[in-house]
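One chain, subunit A, links the two complexes that follow: it is found with subunit B in the first and with subunit C in the second.
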Partner chain A sequence: MVLGMIDKYVVQPVYNFFDEVGRIVLFAMEAITLLFRPPLFWREILTESHHVATTCIIPVVCTVAPIGCILAIQALNILRPLGVEKLMSSMVVIIMVRELSPAMTSIMIAAQAGTSMAAELGTMRVKEEIEAQDVMAVNPIQYLVIPRFIALFIMCPILTVIAFFVGMAGSYVISVYVEGVNKGAFLTGLWTYLEMYDVGGAIFKSCVFGLVVAVISCYKGFYVTGGAAGVGRAANDAVVICITTFLILNYFLTSILWITM
Partner chain B sequence: MVRFVEFIGALFGKVLSEVGAIGLFVIKTLSVGISTFPNLKRFGEECYNIGIQSLFVVCSVGAFIGMSTALVGYATLKDLGAQNLVGIFIGIASIRELGPAVAAFMVAAKAGSGMAAHIATMRVKEQIDAMEVQAVNPFWYLIVPRFLAIMVVLPVLVVWNDFFMLGTGYMIAVFQLKINSGAVMENLLSTVAMADIWKGMIKGWVLALFIVSICTFKGFTCEPGALGVGKATNQAVVYCIAILIIINFFLSQWLYGGIGLRGM
Partner chain C sequence: MASKEEFRKYETGEPIVTVRNLSKSFGSLRVLKDLNCDIKAGETTVFLGPSGTGKSVFIKHIVGLLKPDEGELEVMGRNVPTLGERELYELRKHLGLAFQLGALFDSLNVYDNVSFPLSHHTRMRQKEIKSRVAEVLELVGLPGTENKLTTELSTGQQKRVGLARALALNPTIVLFDEPTTGLDPILCTTIDELILKLKTELGKTFIVISHDIEGTWNMADQVGVLYQGTLLRYGRNADVRRDDNIFLKQFFGRTEDGPMIGV
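Moving on, here comes the complex of A and B:
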């Protein structure tokens, strides 16, 4: 009885977790080995990049701009009582560049592009289009998965850099026009503590997050089973696993990039 | 130029009609919810589904975000020579902003998209039509229990999330960053008021309403086929997260902001 319970609630979940992780890693490795083997469908890469960029830009802007505004309000709440209002922008820019714009951009990319990839590939699997490609001697990983990998790997950093500007614009508007901070103090404060290393680190982070989104959502979509319900479940799983994984990775990356180094 | 204006007009029309459709959907749910006695068994099931399914994700993400918050606060405040103030930073960032927001995001991503996928699958398989034929009101059976459940569960998850974020932030500050534990605790307790926790719960409650109305609407009005289910899930998550952040800004401005409401 007790052994049965332990088996059901402890051993099986742990086994399933490592099984899933192993499958994802094998899938990623297969995709990466096939990347260096012709043919490379560059037209697909361009289409996918265009698709990712155009569908994600509005959600990214819509989320990062309010985040900048909130950051300005709360930073003023902390710093005004201490009388160091002019340090507000240096604090906001560092938090924005190091943490929030990579994290929020990748959350939105996972929500928009990740789920749509999982749903798209899942629908193709359910309609047996992927099997049809295999039969026609077009490797589906080369034709469907690798372009998505490359598109996310390229587009994630670009959207992150756009997010920096949008977020800082949001916090500028709120702090200068609503809360009445001095314009000059805000603009000079931006460059007090920010270094090029911070921007590079943020771009590195967002490349990693882009790969995580690509691997997980393509894996979830590629191996869908069970019809329409399966497609819905794949999209749901993809977004949850993506967000959880890169928020966990985020801690380790921040710790390595800015505390130990 | 004319085509641009046309495009903008069409876009606005589409957005407004979508918002109107969601509004009508919510009004219909409200009328059903008020005029009938809620299905308590389904309400319990939904509480279990939303709460227990999301609990693990919310707590694990909250724990790691708390760690990142401590690291960022330390890195920012170290330049000013004020490492000891990291307690204030952790307290304000976690309880006021990130606690409610992260709990709402993860519930939107896990339970919300699950809801959309589930209801959309039922729509595609014509189970909702079958329900109507059997004189079971689908709003009463599917939508109202979800509304009630998420309004109860999300504020509780916000408190859980606050607890995990503060706990991990404290541990990172003390054990990794080697800040005096008394200073962290003292600063934390002196900034965080009980009112902040209540306000966080209010935030969670309002955000819950937005999550559930968008996700159930997207599932309920799903297009046919597997493609439709995928699209419904995708749109539910994206709209939810984008709208959550925008609403969160206004809530922060209302609860903590400066325009005429300072000291609230």
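Moving on, here comes the complex of A and C:
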């Protein structure tokens, strides 16, 4: 009885978890091996990249700009009474570059592009389109999955950079025009602590996050079972698993890249 | 190595597909049980049976989408289950499969669907591809539909576009999963006649899956009766037809009172 419960609620889930992780890793490795084997479908890569960029840009801008605004307000709340208002932009820019632009961008990309990829591939699986491609001697991983991998790997850092500028613009507008911070102080403060290393680190992070979204969303969609309901589940799982995974991963990446000894 | 050999031409009546002791299970469900048959080149072989008996599973084995648990399967001299991806893809360029539900690419229009195998596997110019697409669409009775979205088509039209796509590369063997299921009687006859015409004109080998008895008698040279994963009867059209009564009673006569026949 108790053993049965342990089996059902502990052993099985743990087993399933590692089973799934193993499959995802194998899937990623297969895709990466096929990446180096021709043909590479350039048109699909361009279409997918364009699709990711156009569908994600507005959600990214609309979430990062207000984040920039609130960061400015909260930073001023702490720094103004201490009389170090000029450090406000130094603090905001560090948080924005190192953490919030990669994370917020990836969250929106997972929500927008990741779910749409999972649903699209899932529908193709259910409708036997993926099998049809295979029968027509076109490898579906090369034709469908690799272009999506590349699109996310490229667009995630690009959107992250855009998000960074938008976020900083938000915080500039609030601090200069609403809170009355000195323009010059804000702009010079930006360079107090920021280094190229931070920008590189942020781009590295966003490449990793882009890959996480690509691998998990495509995996979930590509191996859908169970018809239309399965497609819905895949899209749902994809977004939750993606965001959880890369936010946890984010902690480790930040530790490696920026921990102060 | 066999796989490096050129694909040779098969004379009419020569076995082009041989199936030996083919078995397949999904979990505890035994779908195919010990199938044996020779399918001859230049003929139309129809596999008949109620739905859910493993007809689609059988056809997916022939094109190598599924691997058997046991048994051998040779298509055009290739031992399909043992082929690597490259050899399998070479073989598949000689096979055209029209799926039961069409399996057209939703995101592409009719032209892009039908030209898909052409643009991937030939060096044809745009103009040549265009005329080939027009040609196969004409064959399946849908001329001038190139710019339609596949979602705008009826199921019957989608199936025919699927057939056009399967025919585009001019394959040696055309496999057709339930061409007439769900179509109105006039279209059924049209498709049956189309298959007859293609066979006589182009000398192609057709492997057709069906549960339409009348259509089968009209177009088949060879008939196989599949029931619950076993090949009950496999022989010439006329011979099987003479047994008509026996198996009609056994399988198809019970349409009204049994759950044996679905869709």
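The definition used in the following text is that the second predicted complex is superposed on the first by the 259 of 261 C-alpha atoms of A that agree within 3 Å, B and C clash if a C-alpha of one lies under 4 Å from a C-alpha of the other, contacts with A are read in each partner's own complex, and residues count from 1 in each chain.
In this section, a contact is a pair of C-beta atoms (placed from the backbone, for glycine too) under 8 Å apart; a residue touches a chain by one contact, two chains touch by 3 or more.
All of these numbers come straight from a predicted model, not from anything done at the bench.
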Subunit A as common anchor, with subunit B and subunit C clashing or fitting: fit
Subunit B versus subunit C as contact partner of A:Glu128, first or second or both or neither: second
Partner chain in contact with A:Tyr251 - subunit B first, subunit C second, else both or neither: first
Touching partner for A:Val239 - first (subunit B), second (subunit C), both, neither: first
Contacts of A:Met136 with subunit B and subunit C, given as first, second, both or neither: second
When both partners are placed on the shared chain, which of subunit B and subunit C touches more of subunit A: B
Distance of closest approach, subunit C and subunit B, by C-alpha atoms in Å: 10
Touching both subunit C and subunit B, counted on subunit A across the two superposed complexes: 120, 123, 127
For the subunit A and subunit C complex, residues of the former touching the latter: 120, 123-124, 127-129, 131-132, 134-139
For the subunit A and subunit B complex, residues of the former touching the latter: 59, 62-63, 66-67, 69-70, 73-74, 76-78, 84, 87, 91, 94-95, 98-99, 107-108, 111-112, 115-116, 118-120, 122-123, 126-127, 178-179, 193, 227-236, 239-240, 243-244, 247-248, 250-251, 254-255, 258-259
Touching residues (chain side subunit C, partner subunit A) in the complex: 60, 63, 65, 85, 88-90, 92-93, 95, 97, 99, 101, 103-107, 116-117, 120-121, 165
Partner subunit A, residues of subunit B touching it in the complex: 57, 60-61, 64-65, 67-68, 71-72, 74-76, 79-80, 88-89, 92-93, 96-97, 105-106, 109-110, 113-114, 116-118, 120-121, 124-125, 176-177, 225-234, 237-238, 241-242, 245-246, 248-249, 252-253, 256-259
